[in-house]
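Presented below are the structures under discussion, each in the form of structure tokens.
One chain, chain A, links the two complexes that follow: it is found with chain B in the first and with chain C in the second.
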Partner chain A sequence: MNITVDVNKTDGNTIMKISGEIDAYTAPKLKETINQLTKEDGKNVVIDLTDVIYMDSTGLGVLVAAFKKIKTNGGSFILTGLSNRLQRLFTITGLSEIMDIKGESK
Partner chain B sequence: MDFQESLLWKYKDILTKYLAVQSEQTLYLTQKLSKEILENHIPPEEVINLHKSVLNELIPEVPSEVLVSFDILLEIMMSYGLAYLEHQSLRYKQMELEMELEFGANMQKMLLGSAIPKYDYLDIGAISIPAKIMNGDYFHFDIDSDQELKVAIADVIGKGIPAALCMSMIKYAVDSLSYSKHNSPEVVLERLNRIVEKNVDLGIFITMFYGSYNPKQHVIQYASAGHEPGFFYNKKENSFVDLQAKGLLLGIDPHVTYPKFEISLEIGDMIILLSDGVTETRTEDGFLEREMIIDLLNKYMHLSAQEIVNNIYRDLSKIQHYQIRDDFTMIIMRRLV
Partner chain C sequence: MNQPVDVVEVKLPPKPEFVGVARLTTSGIANRMGFSYEAIEDMKIAVSEAITNAIQHAYKQEENGTINLHFHIYSKKLEIIVSDKGESFDVAEVRGKTRPYHQDESIEFMREGGLGLFLIETLMDEVEFHQEDGVSVQMTKFLEREQVEMDAEAFSPK
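Entry: the complex of A and B
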């Protein structure tokens, strides 16, 4: 149960690549990294989930909280690289209708 | 004889024996004594002191350099003594916290407890097992003023104590909304959504399925706020379909509305509701597929609703070596007449 979060900043955009499993044990680490990013106003954040093997509802909670915060601060929030399983999670919860989810599911 | 005296006596005995013959048996006696030393909270530096004085007594000709060298050991052991004291006090604190948590969990069980109703028209079974000490899942049955059966199943996103506390709030909101016959499922979810959005801190969200069963027409109306879809079992066709419903989870957007859906039940038809703790079951080769839940439902179909949910829980927790990772909740309602 490990997670790595790589953050790449290029003029105004932040790309966050998450690899591993997002669950109750690893979510606090993700939350900490995302909180650092959402502090500033008008951020454009892209979260790449291509290498996420597993995510449960705790991980979903962290992403939704970040989404709300970034939207309130006038930034943009984009998710990419969702597996079929993750895509299903966002569809069931109705989040795919309010969040910007890019790219074909793999 | 107090412990200090008996310790001196035993230590002298052990050391005398061991200096004469280095036997395993004496070492075993030492192990036993060290347990008594720990039970009596004797700090390690005191044991060094004891060793030093007993050694001096047993061998008066021991070189003074050897005796003096124990001062160094004693100094080091004092730090270990302090760490040990700290460990002791943390253990007490932990015991206190565990007790409080247990009180909290029992309180929650009492607060959230929803009796499983019995009717001659509907066979109902329900199970809800927390992964940790407190449950972030919740189910609820109630009868409104028009004799319709209200059923709710909910899951707080997030685990542990915050999720459990949040669930207690939801329970009271659901209770007060359920009794009025005017509150159809989508209205209940819309009101709950506003309550959750206002009251719950960022990072806690709730998924919920809410249904209202009319016992005269045998129709269930329902709406879902991002909840894991359940199943509808059609007895005549012997088929399972997903209980499709669309709706955003509670607590994100205060203005969201929820569509209402409706299904008629014939005799023997079933409504199966679950939390994502059921579908997120981990298996040897990955994750549980929804087909496997259908296989299990078929396997236990001949049993009562309560026996079906009990057996499915047993089978799925066995797959996970009896350590479920997420709260597990399942409800089955089968039309009888």
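Entry: the complex of A and C
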């Protein structure tokens, strides 16, 4: 199982759609793609996780790193399309209280 | 219930590309035993975290060595043991540091990892760490936990 990342840029907004499994094997690839995107200041990034079928702490680590970078550069960081499973992961780790998650079921 | 009914053993190279193989094995066994979707997904994460830890800490991403993945199948529970013969780390120290994020956390200083042990302990019913010539993590998930919990007033699940 692998991971694909589709990036769509529309005036100042970047939509990143991740598909597949995010684990110790695929997280470095995701990190590299996100790093490319977060180089510029004031970016507004939307990360669509609809097609992510598996994620663990390695994926959370990559997203936290991206979140920190974008926030400190004055951009916005939004997560969308979380399955119940992913939502649970963000809830138990406390990240749902810190990050902006669209369509959150509380 | 002291002896497992069946035992499955898998030896994996300490390489990230095999974490997915461990997950598939876990879901195959757990599915056979009749665990719920939620319980299987919890176990997949816990197993991945334990193996990722072994790769990163015990073997420092060197590709020599073996990670042992043992499944002890009982009628009412699944015991999963992940062990390595790699470099030890201070389990107590790491356990003390692993915790969820706090709402008021400063974004600038947010940790970018270290949630692995926290997730293992949160997602499994029982977790034990042993250190002896490497590190081993023993994680247990009970079948029909909901029912056991409902009866918990009367008797303990063990």
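Keep this in mind: the second predicted complex is superposed on the first by the 103 of 106 C-alpha atoms of A that agree within 3 Å, B and C clash if a C-alpha of one lies under 4 Å from a C-alpha of the other, contacts with A are read in each partner's own complex, and residues count from 1 in each chain.
The rule is short, and it goes like this: contacts are C-beta pairs under 8 Å (C-beta built on N, C-alpha and C of every residue); 3 or more make two chains touch, one makes a residue touch a chain.
Bear in mind the structure is a predicted one, so any value in this text is a computation, not a measurement.
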Query raised in the report: When the two structures are superposed on chain A, do chain B and chain C clash or fit side by side?
Result: clash
Query raised in the report: After superposition on the shared chain, which partner residues are touched by A:E97: those of chain B (first), chain C (second), both, or neither?
Result: both
Query raised in the report: After lining up the shared chain so the two structures overlap, which partner does A:A65 touch, if you call chain B first and chain C second: first, second, both or neither?
Result: both
Requested in this report: May I ask you to decide whether A:I78 touches chain B, chain C, both, or neither, giving the answer as first, second, both or neither?
Outcome: neither
Requested in this report: Mind working out whether A:I15 is in touch with chain B, chain C, both or neither, as first, second, both or neither?
Outcome: neither
Query raised in the report: Touching A:S57, do we find chain B (first), chain C (second), both, or neither?
Result: both
Report task. Between 77-85, 131-139, 185-193 or 257-265, work out which stretch of chain B sticks into chain C after superposition. Result -> 131-139
Query raised in the report: chain A residues touched by both chain B and chain C?
Result: 23-24, 54, 56-58, 60-61, 64-65, 68, 85, 92-95, 97-98
Requested in this report: Provide the residue numbers of chain C that touch chain A in the complex, in ascending order.
Outcome: 16-17, 19-20, 23, 38, 41, 44-45, 48-49, 51-52, 55-56, 100-103, 105, 107-108, 110-116, 118-119, 122
Report task. Would you tell me which residues of chain A are touching chain B in their complex? Result -> 23-24, 31, 54, 56-58, 60-62, 64-65, 68-69, 85, 92-95, 97-98
Requested in this report: Would you mind writing out the residues of chain B in touch with chain A in their complex?
Outcome: 155, 157-160, 202-205, 207, 225-229, 246-249, 252-253, 276, 280, 287, 325-326
Query raised in the report: How about chain A: which of its residues touch chain C in the complex?
Result: 1, 21, 23-25, 54, 56-58, 60-61, 64-65, 67-68, 71-72, 85, 89, 92-95, 97-98
